[in-house]
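The following pair of complexes shares a single chain, chain A, combined with chain B in the former and chain C in the latter.
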Partner chain A sequence: MGRILIVDDTMFMRTLLKNILFSGGHDIVGEAADGAEAVARYQELKPDLVTMDVVMPKVNGIEALKAIKAADPGAKVIMCTAVGQEQMVKLAIRSGARGYIVKPFQAPKVLEEVKNVLSA
Partner chain B sequence: MIDEDVYRKLFVEESRENHENIVRSLLLLESGEDQQTAIDEIFRSAHTLKGMSASMGFDAMEHLCHSMEDVFSLIRSGRCEVTVPLTDLLLTCTDAIEVMLDEIEAGGRPSDEVSGSLVQDLRAFTDEEVSHEPPPLHPTPDSEPASGPVYTLSVAIDPASAMKDVRAMLLLQNLDEIGTVLGTTPARDLIEDGKFDGPFEIRIASEAGEDALRTVASGPETSLLSLSGVPEPGHPAPEPARGEKSREIKNIRVDIQRLDQMMNLVEDLVINRGRLEQIARKHGIKEFDEALSMIGRSVSDLQNLMMGIRMMPLDRIFNRFPRVVRDVAAHDGKEVEFTIEGGETELDRGMMDGLSDPLLHIVRNAVNHGIELPEVREAAGKPRKGSIRLAARRDRDNVIIEVADDGAGIDPERLREKAVRQGTMTPEAAAVATDEDLINLLFEPGFSTTEAITDISGRGVGLDVVRKTIESLKGTIEVESEPGRGTVFELMLPPTMAIIDVMMVQINARRCAIPITNVVEVALARPEAIHRIGDAETILLRDEILPMYRLEDMFGLSQRCDTLVVLQNSGRKCCIAVDTVDGQQEVVVKPLSRLAGSCRGISGITIPGDGEVVPVLDVNTIV
Partner chain C sequence: MAIMKSVPIKVEHEGKWVPATMGIGEDRIRIGAPLDCEIPYRSMVDLEAKKNQVTIAAGPEAEEVYRIASVEKVLSVLKKFVITRCSAYRLNAFFMSPAIRGGVLVQDAHWEKGAIAVMKTGIWFISQENQVCIPLEDVTGIELTRREIQEKDLDVVKIDHLIENEVVTSFILCPKTTLQVLYNFLNEATQGSRYEGELDPLTGQVAMLVYSGMDSSSIENMLKLSHKDLDAIYEQLLTTGFAEVIYIRKEIQLTTKGVRYISDAVKSSSNQ
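Up next, the complex of A and B:
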């Protein structure tokens, strides 16, 4: 399946997502706790897909998405979002995000979204 | 949905961090400093809390955090002002969150009993405003001409989708990548705003072919009903390629108990290294010595590493204090500027827990009894706003924490009166007592608790407990005060308690360990320099008269104690007479068992390599 980089500022969410993705047979190649780290880890790991939290300290998910897209226009990034953030996600999609998942995560939905983006 | 217990711990820990961040930022916001950062931080933390609690199914907490997030979304966009009632309400919300976290930590599930009404209150603030973020600008449409055959797609978004507008937009965006969307019914703007019921139609010019269109148009929550009018059977997505294996995780969280276990093992290693060293000395095998010194280095490194891992910045406890100061000051009608310095200074995690309460007590006292009312301050020619400074710094091997206020200070005369009245001192003793002696009375159990606390600036309340706690952490506490100018409490703490350097000495042929940080020097005792003053012995050492102790009540009277060890603790010196000095060693100090009770003069025991149990001198109580 896919090599995935998980970006979220809480270990709680990363663990949650990691377990869901593991259960879907994916490989978690790295984790990042903020946008700046995400960009650096992306360059270094070249994952197949990134799950990107939107609200994070320092560099937020949208800025990180833009930076990753600038460096690698083919990058596949899925935004992790929550109800109430529709405008942010739309902005992310305009900036090149390929999908989104909504908290609280439901494993089948997450896996479906990931699978869909990976296969595109 | 998820195994709660696995995540509960992680959830509580990270939620607490975010909760603290909100409180800190709220106070920052109120102080008027760097408002934008504070607002952003609160918004972010509330959002994070919301997401995490939703994932755990803690609905009450989720709703509360959601409402807080809404309020901050308005504040952030400048459509709501930060007022005192709003700050109060938000702080009450953080209190509720803290209560919920306690409940969750204890294995419970918070109800919306309290939070329900808070959510209502928060709504009152948001309802005044229409909460819709202005939509970001639409990018200019691609100017490239449409090419390829034109298809018509009929697409439905799953009605259960949490964000059907976003899903629709994502679909249109993806279609844009393989063709040119010529038009939609309803209009694209409406679809992207979620203003559609049921299926919608898309006309697209594309050279990618039907299959590509089918794939894109039948993603998650999206079903393609028909393509160019032909009804669609289901269309599975192709399997993605398998990626290569590699995994890297930068940080892990470890249960503190496991760290303690590791620390115990390291301590055992240190003890056994000492034992091996003694065996090596006895046999004098060169190769063995070499191997041993290698092991010794590794053990030292391991030990330092473990210490480092256990260290945490003091901010962890300091962060609670701004809120305490604010609340106490508000309650007392005082104005206080509270500053924190050196929060990054690190201390052993084990000590951190013990330090929190005493420090809280001192800080609270500083507001309660140190800082005067604004009118009183003005009358005394001081600024209305009092200041309290909490500062930490590293001083050689110790960590110094200071709590300084510019309040009323402690009046020694009042203490003198009180000491006599309470019978703590005889009138004669009180008459000759120095200011320092008098102030130290505050640390005596029961002193001042029998009377209204304001009578003597109330600093006696519980200070005995504070000192006891600090001493149990092998630290010291001192207070300096100037009437009218303020008071400074200074806490000195060793950064860690477990492993220390000691000087091994013999007193009356028994071994005893003295923490090296307390040792000033070793000198030879010349009998003619020893003088008796009353019951006590003193010694003249290079123009300095030092009290001298023989510790015979502890070790029995020694016949040949001609070596002096000069000790120092918080600026005061004394010396003890010992038979011999054996050398310096790194040892693990184990606390005395509860069964042994507290033993004055002994802070713990250590077991050097030979297996003998050696007491560690508590210089604090001797000096």
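Up next, the complex of A and C:
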């Protein structure tokens, strides 16, 4: 089970992910609503894994991912975006994302992906 | 007609499964006694498969139905002949299925070269390695979109569909003109499951949470809804055909007898 930071600009999505991850026995150590906050909270909390929305105000998810990976190359980040933005997948993978979730998602598959990334 | 090799099968005959033989030829199949019939591929309009059975429908109105059970190897050959030779909208294409499962990208997903046949009740993909069927009634979305393939941004048809309640995405890649025809064809074939109206934001959020696998009490907590409010929203989702009841949970309170039992039980445990 891991210590997870959830990054998404909508509270609804953060709450949904929190519920799903909590039901899988994970510890939600923090939340962030934009990329800049995500980078700051990562430095502060040093979570085992981050779920990162791609489209966010101020600093987007890809930029935040790059900043986190620059500071901690071993960081485990799963990107999360809406249907129709799958083109971002390659960019995210090239930038160091370990996994990718497309919204809308289903709880069992999210937990499976988190488990895979945490154990890798 | 070319010589056919006979293989043992079981066929459904008068409501019972009976042993028979089947020959698979170049242009037809022949089923021995008790059916004693030949079915040309071009008369076949539909193929459904589950576990070790296939159902073939033939005739202009799909009025002739044949249910055949056999080992996987035999059914695989039969399906290949039917899919590639039956009466259906068919094209050569690349496909990737599944590419996304439950919102998570399938890491080892790859493009397979093969053929696609759109039949009466389903879309079949067939390649050297795979035979995949997507029943049209399980299709939840059809979209003409673009995807980066070998450094090129190419048009693809994206099909979202259900497999045992899991939402799966598959992609089809073929020349653009054919792709548009395929898209229009699939769009029309799955028109029945489209909803033209719009849900209010709260009902939409509840639907999203159900999609994600949340149960009633999680939804009530997350959206700060009362049991009664959630029931009303569920009713709306049921009326629009967006959802179905899987089970009804009871909320109970203890009777005098139950309260007495609990009180006695607490007393006896505290006296020990």
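Criterion: the second predicted complex is superposed on the first by the 120 of 120 C-alpha atoms of A that agree within 3 Å, B and C clash if a C-alpha of one lies under 4 Å from a C-alpha of the other, contacts with A are read in each partner's own complex, and residues count from 1 in each chain.
What we mean here is this: a contact is a pair of C-beta atoms (placed from the backbone, for glycine too) under 8 Å apart; a residue touches a chain by one contact, two chains touch by 3 or more.
Small disclaimer: the values here were computed from a predicted structure and weren't measured.
Of the two partner chains placed around the shared chain by superposition, chain B is the only one that A:Val29 touches, whereas chain C remains out of contact.
Once the two complexes are overlaid on the shared chain, A:Glu112 sits against chain B and chain C alike.
Counting residues of chain A touched by each partner, chain B versus chain C, the larger count belongs to B. When both complexes are overlaid on chain A, the residue A:Asp72 reaches neither chain B nor chain C.
Looking at the shared chain after the overlay, A:Asp9 reaches chain B, while chain C stays out of its contact range. Applying the stated contact rule after C-alpha superposition, one finds that A:Val89 touches each of chain B and chain C. Residues common to the contacts of chain A with chain B and with chain C across the two structures: 12, 15-16, 19, 84, 86-87, 89-90, 99-100, 102-107, 109, 112-113. The touching residues of chain B, counted against chain A in their complex, run 1-2, 7, 10-11, 14-15, 18, 41, 43-44, 47-48, 50-52, 54-55, 57, 66, 69-70, 73, 133, 135-136, 139, 162-163, 165-166, 169-170, 173-174, 192, 194, 215-216, 219-221, 237-240, 242-251, 253. By the touch criterion stated above, chain C contacts chain A in their complex at residues 100-105, 143, 145-148, 153, 166-167, 169, 205, 208-209, 211-214, 218, 222.
Interface residues of chain A facing chain C in the complex, by the touch rule stated above, are 12, 15-16, 19-20, 23, 84, 86-87, 89-90, 99-110, 112-113. Considering their complex, residues 1-3, 9-13, 15-16, 19, 27-31, 33, 45, 47-48, 55-57, 81-84, 86-87, 89-91, 93-94, 98-100, 102-107, 109, 112-113, 115-116, 118-120 of chain A touch chain B.
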